[in-house]
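In order of appearance the chains are A, B, C and D, and numbering begins at 1 in each one.
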Amino acid sequence: MTAATALALSLLIPFAGSILIALAAGNANLREAVTVTTAVLLFADVLWLLSMATAAGPAPALMIGEIMPGLTLALAIEPLGMMFGMIASGLWILNSIYSIGYMRANLEHKQTRYYVCFAIAIGSAVGVAFAANMFTLFIFYEILTISTYPLVAHKETAEARAGGRTYLGVLIGTSIGLQLVAIIWTWVATGTLDFTKGGIISGKVAEAMVPVLLALYVFGIGKAALMPFHRWLPAAMVAPTPVSALLHAVAVVKAGVFTVMKVMVYIFGIDFLAATGSSNWLIWVAAATLLAASIIAMTKDNLKARLAYSTVSQLAYVTLGAALATSMGVLGGSMHIAMHAMGKITLFFCAGAIYTATHKTEISDMDGLGRLMPFTYGAFLIGALSVIGLPPMGGSWSKWYLMLGAADADQLVVIGVLMVSSLLNVAYLLPMVGRGFFTLAPDAPGHGVPQAQAAGAAPVPGSGRPPIREAPLFCVVPLCLTAAGCIVLFIYGDALYRLLEPMVRP
Amino acid sequence: MSIEAIINIALFVFLGLTAFAILKLRALFAVVMLSAVFSLVSAALLVHLDAVDVAFTEAAVGAGISTVLMLATLALTSRHEKAPTRSQALPLIVVFLTGFALVYGTLDMPRFGDPQAPIQVHVAPKYIADTQSEIGIPNIVTAVLASYRGFDTLGEVTVIFTAGIGVLLLLAAFIREPEGLRVQTMDHHLVLRVVTKVLIGPILLFALYVQFHADYGPGGGFQAGIIFASAFIIYALVFGLENARKAVPGRAVRLLVACGVLLYGGVGFVSFLFGKNYLNYSVLGADQVAGQHLGILLVEFGVGLTVAAVMVSTFYAFAGQNPPIGDEDW
Amino acid sequence: MGVSDILGLFNYWMVIILMMIGFYTVVSRGNLVKKIVGLNIFQTSVFLLYISMGKVSGGTAPILTGKPEVYSNPLPHVLILTAIVVGVATTALGLALVVRIKNAYDTIEEDEIQAADDETEFGDPQAAEDHRR
Amino acid sequence: MIAAHLPILQVAVPLVAAPLSVFCRRGATAWTLTFVVSIGAFLISIALLGQVLDQGVLSYQLGDWAAPWGIEYRVDAANAMVLLIISGISTVVLPYARVSIAHEVEAHNQTLFYTCYLLCLTGLLGMVITGDAFNAFVFLEIASLSTYVLVAMGAKRDRRALTAAYTYLVMGTIGATFFVIGVGLLYMMTGTLNMADLAERIPAIGANRTLVVAFAFIVTGLGLKLALFPMHLWLPNAYAFAPSAVTVFLAATATKAAVYLLLRFLFTIFGTSFPTFEPTLTYLLLPLAVIAMFAASTVAIFQVDIKRMLAYSSIAQLGYMVLGMSFATVTGLTATIIHLFNHALMKGALFMALGAVVMRFGDATIDTMRGLGRVMPWTMAAFVAGGLSLIGMPLTVGFISKWLLVTAALESGLWPIAVLVVASSLLAVIYIWRVVEAAYFEPPPEGVTAGEAPPALLIPTWILIGANIYFGIDASLTTRVAGEAARALLKTAS
């Protein structure tokens, strides 16, 4: 199998899969079997690509076609995209398994539409990851937006539709209103949109205008949720939890920060940015977002809302890393894409599991649940630590490199900011765990049992300690795996570093 | 100031007064009559400006057909205009702006009657010079109309054809069949009947003359068609629509409408057979002039046919409606 | 600008005045028949514009007489013959529409028609139903 | 031999077919004739485009009278492309019309309806292909008169079609008269009516107030015909109440022909060097276009009748076309011309989808659309696809148009305009999404059972959707032809 075929398959598998899923609408088991198989196949294909990308020789590339003279639809592998591709396709497997448990346990409607859109979304995420030029990336970026809209508005309640409207409004508004202009500007100025090491802007756009162009890009990439364009993220919380997991950990937000990173490294070129200082302003916007979001997160009692704002703040880390325009910063930011993905998906899986088992959404109601749901809470703790950035969790690496990057850029204030925000992370994540384990549920026996039964979790024959009432296995297994993933990423952080390192190597 | 100029001014002033009266009056019957007057006066003006063919047509159309149609419409709708309620400010502004723009535009115009004006020296002279040799008929207007710019005239026939079809589409549904038709003859006007009987013959003859004499004098298919139709309309008015319909049934008229256009368009295709371009009549005869002559004759006939048929069918469509206003109310 | 200019442009100015009266009748009057009459005046004045520009002083009607003469320009005549036909065609269609409107609305005054339509659109659903046939 | 006559056949065939159709006793026969003729016209226009692309400008002298004394047909890439749009759309619309017209127009009018349709087709083709200013007026009138009638045919469904047609008639006639005044003044100053000849003589005259006024009147007259804001008042109701098939045909072709004429007069006849050319484009057309983009889109958002909503959106889209031409650059004109084509595809598809709804429910108001996602899945899917194209989503033709338009704006250094273009297209998101939400996230009213439109309606709709996507993914052909057309208009070497 040649590299080109592998690339073609990486798009073909999910999109073909979505069709098959639609065809299997009649039979739930078959439909979900197809989903998982597609996910596994895709991951296998991506791993294959990884092996070829890391091997010596030219990087895999595929030219699909030319839309307008000079504007091509093309795919190519480079380290950053490779990493994002692996995250998206890998976590999709777990997410699918989790979805099966969650959607069934909560008797959600229109599950076929859900799985179809899910497949399309992952497909376009992979497209974003492997895009060889900004034009291709933009196209998949938009498909991703459209295909996730039905997922956000899945419940079809007035609230869900309002959330969907905000979601679509902000994302399409920014992407068409700002990003497209930026892209066409780049096209008119440079005559190319190919991602090129060292960037294409240098010398083509008046230096004074570079910050403007940069602003059009970073704010145009609404999926990066840089304030003030972060509103869509909390709004999208109305979606079913697996969707939130997809949006906040796997596909959407990561596609956002990934695109930011891509633009910084391959359109502007970090050396050019560093030389002109055009991205300094962005450091402060990112830092502000980072702190503000953390503070807002603390005020939220709704677990998913809190996690949402935590995401906004974590994304800012990545943007910050890019804005530092030092190789360490870029590497740290890029690694944080992976680290945060693993940590945050764990947290969302847990939130979903708690909801499935007890139908509780407000943190203040969750006293004592830790003892009822030890696995879930254990996983939550691990995920939280990773997000905070404490060893031995993957998150520690990315924050460490971010610090180094800030140091390289002589941005001592930024280092301070990172410190503070880590403390804030502790403040809004750990109390949740504390409540879970060290307070007693006011209604320990009785409450929540029916749902638990409905959710099909068998009470373990109790020996003095209250019976365990976990969410269904389909929910618990994935979250344990992702939690484990956080630790694995810590151990293999170095491998990740080596994968990414070429993109900043001069 | 020459007598010519004085006539010119007088006619224009009269036109202006008529137009203003039309604007002001609210009795629609008077308005329609005045618009007929307006057409007649402008026809006179056109004669004065050497445009005899146009004058002829304007008189036949403006004072003839249009007036008949408008009266028919009034009979079917209402005869009084309500006072305008909306503010007239905006229309006034628009109109004044337009008017001033035009006046501004006149300033660089060649003066009236200037023989050195661009239009007198560029394209037109060829028509005047070569009509005799190329077409071989004295009436240059007919030559240009039917041959040099014959395609415009084909378009013109198509326009009138469109109107005929359109009126049928809009009103046909509401035409009552002859039996249902209230017979409105004018038996009580003996004189009128006699006069009409006497008149119709000569009118038809005149129509034929105008039709086939167009090469030599003013006139042509269009005018002839209208005259022919008006003869028919007079007949219908006096002896009743029912009898008219018996003489020429609606369906037949409809087909005649189409035939005229077909004839014109078809003649155009003949030239293909001789490898010439569309509407090149030269191939029709032994030599160019003969061919042009025949071609013009044919297409003019096509025009006449369609025009007459359209006028008649339009008249049927209007006159066939149920008038809410009885004849007595007039 | 001297007398010659004024005389030389008089026709055009008069034509413009006529045009504007016709134009004003169209845009300012609410009666549908009156509008059509206005259109007629508007168009007829355009005919006069064309014919005026074709006139050559001392010229005669462009019908060859054999002996050398000055002829007025025949081309505008041809164009206007076509234009007249277009005019009458428009009139016929317009009037036919007026008749239909009268049947449908029982009025030919713009304001009353507008009122009826507004009722159809925003008025009581009953009225809306009536016209949804 | 016949190849030499293609230009005239393009017009003469439908012109002669119109009177022929009168002889058909049954509507079905008339339809068959019309359809065959339309296919023929389509093939001819394809052949013409081919000839133009490899032989350059074609000239055909009617009656073999040399221009400027005779009337000349002149075909270059610009009008060849418009001819293709008109005849192509007509060919797609007719199969749709057979069913929807049979349903929406009185039985006894079926035959003459197609006669009228043929005349409309003839007029549009004739006004686009001709190289003679006055001949353009004549065929413009053929097209207009037949259009008034076609619109009025909607009266069976809603009497407002009559008033719409009347307003259209009055406004259209004013526009045509302005146009003919302008042409008259041009003739007065140059002595010719032939466009090419005019193009040569006008620069020779130099600064001249009469010519300036002629320019103004032609722009105004055509502006009325193409519903250039604020002269658009006739359009919304005409589109909203005409029979569905007519709406599709008009929306996709009628205004396009007027846009073409405006392009022809502005760029070929007056030319960029004409004194009032620059100011008119910069200070009149450009602002009007931008206002149209926003005003019309905003009004569209508040429409209850979705047909009218799309009509307003058409006014906004015409704004894009005028904007493109106001840049007076190759890219700008390319954007305008390609949008003529693309907009025909998207609006055609959207109005077809609505026509299916109208045929089932008698109207297409926002609450008729409730739950249609389940009731008429294919129709609504087509509507969504067309809507995405209208918004300008990638992989649809709408995106191509917008891309070129923004590129043109940036090339001309007008980056605020570029931002306005994309911003205005966001309004499209709002008014399209109103419908999408109603159709997919609201339950259908009681008693409405699932029932899809007949294939005769669905297939043409999806053909257009397919075109929307195909030419959105591979725009190399369309951009090439549009580029040729733009260069032909700007007289720059290709």
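Methods note: a residue touches a chain if its C-beta (ideal position, glycine included) is under 8 Å from a C-beta of that chain, and two chains touch if they have at least 3 such contacts.
Computed from a predicted structure; not experimentally measured.
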Chain nearest the global centroid, as defined over all protein CA atoms shown: D
Interchain centroid distance [CA atoms averaged], subunit B/subunit D, Å: 31
Subunit A and subunit C: spacing of chain centres that average the CA atoms, whole Å: 68
Centre distance in Å when subunit A and subunit D are each reduced to the mean of their C-alpha atoms: 45
Inter-chain centre distance, subunit C versus subunit D - centres from mean C-alpha coordinates, in Å: 26
Where subunit D touches two or more other chains, by residue: 134, 138, 141, 145, 148-149, 152, 181, 187-188
Where subunit C touches two or more other chains at once, by residue number: 19, 23, 27, 32, 53, 75-76, 79, 82, 86, 89-90, 93, 97-98, 100
Graph class of chain-chain contacts, one of line, ring, star, complete, other: other
Chain-chain contacts as defined at top: A-D, B-C, B-D, C-D
Of subunit C, residues touching subunit B in the complex: 4-5, 7-14, 16-25, 27-34, 36-38, 40-41, 44, 47-48, 51-65, 70-82, 84-93, 95-100, 102-103, 107-109, 111
Subunit B residues within the subunit D interface of the complex: 101-102, 104-110, 117-124, 126-127, 147-152, 154-156, 158-159, 161-163, 165-166, 168-170, 172-173, 254-255, 257-262, 265-266, 268-269, 271-272, 275-282
Of subunit B, residues touching subunit C in the complex: 1, 5, 8-9, 12-13, 15-16, 19-20, 22-23, 28, 31-32, 35, 38-39, 42, 45-46, 49-54, 57-58, 61-62, 65-66, 69-70, 72-74, 76-78, 81-82, 84-86, 88, 91-92, 94-96, 98-99, 102-103, 106-107, 109-115, 117, 119-120, 123-124, 127-128, 131-132, 138-141, 144-145, 149, 152-153, 155-156, 159-160, 162-164, 166-167, 170-171, 174, 216-218, 220, 222, 314, 317-318, 321
Subunit A-facing residues of subunit D, complex: 388, 391-395, 400, 402-404, 406-407, 410-411, 415, 418-419, 422-423, 425-426, 429, 433, 437, 441, 472-476, 479-480
Subunit A - residues contacting subunit D, complex: 65-69, 71, 73, 138-139, 142-143, 146, 153, 156, 161, 165, 168-169, 172-173, 176-177, 180-181, 184-185, 187-188
